[in-house]
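Take a look at the structures below.
Across the two complexes that follow, chain A remains constant while its partner is chain B and subsequently chain C.
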Partner chain A sequence: MAGVEIRQIVKRFGDVEVIHGINLDIRDGEFVVFVGPSGCGKSTLLRMIAGLESTTGGDILIGDTRVNELPPRARDIAMVFQDYALYPHKSVFENMAFGLRLRKTPEADIQARVKEAAAILRIDHLLERKPRQLSGGQRQRVAMGRSIVRNPKCFLFDEPLSNLDAQLRNEMRTEIKKLHARLGKTIIYVTHDQVEAMTLADRIAVLSGGRVMQYATPDEIYHRPAAKFVAGFTGSPAMNFLRGTLAAGAERFDAGTVQIVLPKSLSSAARARVGQAVELGIRPEDIAIAGDLQNYATATVAASVVVLEPLGAETLVTLRIGEQEVVCRTRPDVSAQPGQTVEARLRLDKLHLFDATNGVALRS
Partner chain B sequence: MKSWLDRLRDPSERTLGVILLSPAFALLALIVVYPIGKLFYNSFFDMRLSGGQGSKWIGWQNYADMIKDGAFWDATWNTVLITLITVPGALVVGLALALLANLPFKRQWPVRLALLLPWALPLAFAGLIWAWFFHTEYGFINDVWVRMGGEPRMWLLSPVSAFAAICIAIIWKSSSFMALILLAGLQMIPKSLYEAAEVDGASRWQQFWQITVPMLMPSIVVALIFRTITALQTFDIPYTMTKGGPGNATETLAMYIHKTTIDYLDVGFGSTLAVGMFVLSMILTAAYLRHISRQESA
Partner chain C sequence: MNDRGGLLSGVRLRFIAATIVVLNGFFPAVWILFTSLKSEAELFRKPITYFPHEPTLRNYIAAAVDQPLFQVFMKNSVVVALLATVVSLLVAAFAAYAIARLNLKRRQLILTAIIASSMFPLITLLVPIFETMRALGWLNSYLALVFPYVVLNLPVCTLVLVSFFQSIPRDLENAAMIDGCTRFETLWRVVLPLSAPGVFTAGILAFVNAWDEFLLALSLNSNAAMRTLPVGITLYQGEFTFPWPIISAALIVAIVPVAIVIAIFQERVVGGLTAGGLKG
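Right after this comes the complex of A and B.
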């Protein structure tokens, strides 16, 4: 068992720097998810930890060992690949046993470990089959089984669910979470799916353009995003942003005719930015048009209903506030009609302010 | 009952299929069925163009003569030996070349071009190049040999060294083709398999035997079978390098057929020999087709 420490990691491909000095500390037994859009460097970072990519600068430590110069096989890690990377000419059993055979593990031990892992993943009836005779979900289980049998210090998952259909993805997500609870090993997991990140992680590293935008618990990422990018990346639908300026000693947010008096905590954090352009962020569930959010302090603004999207358990209502549109999550029995003018209430304690130029959250 | 003209005017799907395929059938019949049929037919005749007495039906006599003919067995043995040496030889060299060409070179095209060059050369031309290499007075091989302190040797005039020289030339010429097929096979192997094996703990050597070779096996088998069939038909290189000499030491079956038919104008016996070679090739082709169909059904 071991944690992973990433210190000032830099990666360059030719003249192009893709990772710009990342620092991350992953605790022993922790489940950490690297999330971000395509090209943010999350897979490259994972592959550097695995040893499949060299590092241009900085240090990677697994346990207490600096592993920069060690080949993948000497790092005591296991990796699950996006395309599973199962050996097509070997049976499921031999796929799982391959790593053990290379390490000259005694045959009885191999049999026991493969069978135990197969039982955990419920693939014990497939051991004689070849990968091409398996479904996508079964292949995924075999790929996980192959990493489990080796009993490594750390598991690396590179977008393991992205080739599965939606239902299977949900199922496997739960499986992976159970597996982590059972094994208690360090897992580093790469995905572009914020739902996977939120549901699986102990901590999430949100990456963008080769930098870590925020490294925190899912709860903190969601409720206290450090940057507009993080706020916009998490949650579905994403956070709403209203562009405007700070007025009256940063106590008021103005966006054209719309004026919102900010709570004390926000205005004191934004005092230095009076007169400057900012973006006000608020999540869809923190806006109400019906009788919701009665027990909270809210700011009320006039809005017109643009469109309703009933989802069954809830309805998403697009509202026009001034010149800008926001999405509001409401009860399914909401009586609003398109074109109707309503009063939108914005929860004051859930407002976020971001610098309009660099996207950094303004907070006390 | 519809007349054939009516059926032609308003054809059923089946009739239309036959109509559309018939030009291809006719062409195949003309260029494949007729020559092979004629070959079999001729093999039952005493048909010597030198005598001027026309052809005479002699039944299986040519076949009996062939079985008793020492030169036929010598040529067959030479052909089989060339096949047994050059096919594995070209596989090993071709695999090495394919692995080399598959390395991440900055510029791929010079490597690919170098790989293709021997394949693109005409066979007879390759034979002439190597004949010059092994030339007693002006050859590159003797030049190096003498510089290393050896006596100049007549490579192409001793049975063993002439045979070896021919095998080297054939391997040089045919390993390009092997490399080409194997390179295509290599590029089909997903990179992630090597990465998985690396994480699993496999060394480069283990990756080669555990991933590359098994994954390449279908390409290897196809290349081997193709190469074996063409090796059985070896003609140009020994013809241009030694003309089958010294004596009959390097004469292949194809050369013996050529000599019998073209030089001695014995078309009947030449056809019989050709039938023998045809049967040998067909056995291998059948084995190849069986392998393919087995792979498809697997």
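Right after this comes the complex of A and C.
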């Protein structure tokens, strides 16, 4: 077992630098998710850890070994690919046994380990089949089985669930989480799906444009985003942003017709930005139009209802506040009608301020 | 009904086209087969008999048994064609893998050069090859033919394999390398088995080319014991005689190995194609 350390990693393709000096420390046994939009460099970073892509600068350590120059086979890692990458000409058993056979593992050992992994993944009845005779979910299980049997130091997952339908994806997500609990191995998991990131990770690295925007626990990513990009990337629907300026010694957020008095903690952090453009962020669940959020300190603003989207367990209400629109998550029995004017209450302790030019969170 | 008629006429057109191609290809072979079963007297009888009236196997005995060197020619052809095929495939596999997978700067140029190199008419290469073989002391040996055949086969084998290799998802190779393969093992254990249809296609081309080749075989191996079938059979004709039925019988025997090779390989090609159904 081993952690993974990434020090000042740079990657250039020709003249284009796609990874700009990333530092990450992944602890032994930790489940870390790299998340970000396509093109953010998350897959490239994973492939550099795997050894499938060379590094232009910096160091990668697995355990205490610097692996930059080691070929993939010498890094003691296993990888699960998005399109499964099962060997079509081999049976499920041989797919799983391939790595062991290459390492000249005794046959009895191979039999035992493949069967054990197959039992864990509930594919023991499929061992004689060829990959083409399996469903997508079964193939993904075989791909995971192939990595488990080798008992590597570290597992790498490259968007493993993207090709599955929604229901199967949820199922496999739970499966992967159970697997991590059972094996206790370091897992690095790449996805563009923030739900996967939030549900699976011990820590999430949010990447954008070849940089790590924030590396923290899901809770912190969600509740204390370090940048507007991170705030906008997590949560569904995403965080609302209101454009405005800081007024009255940064005690007030001024969005033209709408004024919000900021809590002390925010205004003291933003004091230096008085008069500058900022964005005020608030999540949909921290806005109330019915009797919710009674027990919290809130700021009240006038809003008009634009549209209601009932989802069953909850209803999403789009509100117009001044010139800008926000989405509010509320109870399904809310009595609002489109066009109606309501009082929207914003939870003060859940307000976020971001610099409007570089998106950095302003906080103490 | 009209639609069906249109469809049917389309099918019929295709059928007619296929018939023309097949007849054109098979007529000479069938004619040779019929000739091989006729006696010399029947062959020159007028009016012409198309089907042999008194079919006989005497020509086959004359061609294959009575000609003491026939079996030597056959052996030479088999050895030369098999060696040329195997070596062509091996070298082409490495070349094609490099072209398909490595980040070569001038990949297109290399491919163009490969195609260009196969454009020279063989007759222009004959003298240089002959001189080279003489200098190497390889005249009248298997090497004298195997070596040029490999070189001549490389372009087409490489091109066929490149296109097959490129169709294999890269992640399969990545998975193999993470599983513990070196580059070479990846090629040998994953890429080549998955490219079976391509390997067999290239193999058939290489084998048939080597089997049929005449000019080099005639020029480089003048020793009767080193002749291949095409040359050997041609020399059945005497100064004043053309024993057509015997030559035909020898030709039919010469075609058989090729037909067998193609039949075997074709089955593998079809099998390989279905095994390749990997995606998603």
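By definition in this document, the second predicted complex is superposed on the first by the 364 of 364 C-alpha atoms of A that agree within 3 Å, B and C clash if a C-alpha of one lies under 4 Å from a C-alpha of the other, contacts with A are read in each partner's own complex, and residues count from 1 in each chain.
Rule of thumb we're sticking to: contacts are C-beta pairs under 8 Å (C-beta built on N, C-alpha and C of every residue); 3 or more make two chains touch, one makes a residue touch a chain.
Quick caveat, the model's predicted, so the values are computed rather than measured.
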Chain C versus chain B on the shared chain A, clash or fit after superposition: clash
First, second, both or neither for A:N163, with chain B first and chain C second: second
First, second, both or neither for A:R73, with chain B first and chain C second: both
Chain B versus chain C as contact partner of A:P131, first or second or both or neither: second
Dominant contact partner of chain A by residue count, chain C or chain B: C
Partner chain in contact with A:Y296 - chain B first, chain C second, else both or neither: neither
Residues on chain A lying within both footprints (that of chain B and that of chain C): 50-52, 71-73, 77-79, 81-83, 85-89, 98-99, 102-103, 146, 150
Residues of chain A that touch chain C when the two form their complex: 47, 50-52, 71-73, 77-79, 81-83, 85-89, 98-99, 102-103, 130-132, 136, 146, 150, 163
Residues of chain A defined as touching chain B within the complex: 50-52, 71-73, 77-79, 81-83, 85-89, 98-99, 102-103, 146, 150
Chain C residues within the chain A interface of the complex: 169, 171-172, 174-182, 185, 190, 193-194, 275-280
Contact set on chain B toward chain A in their complex: 190, 192-193, 195-203, 206, 210-211, 214-215, 217
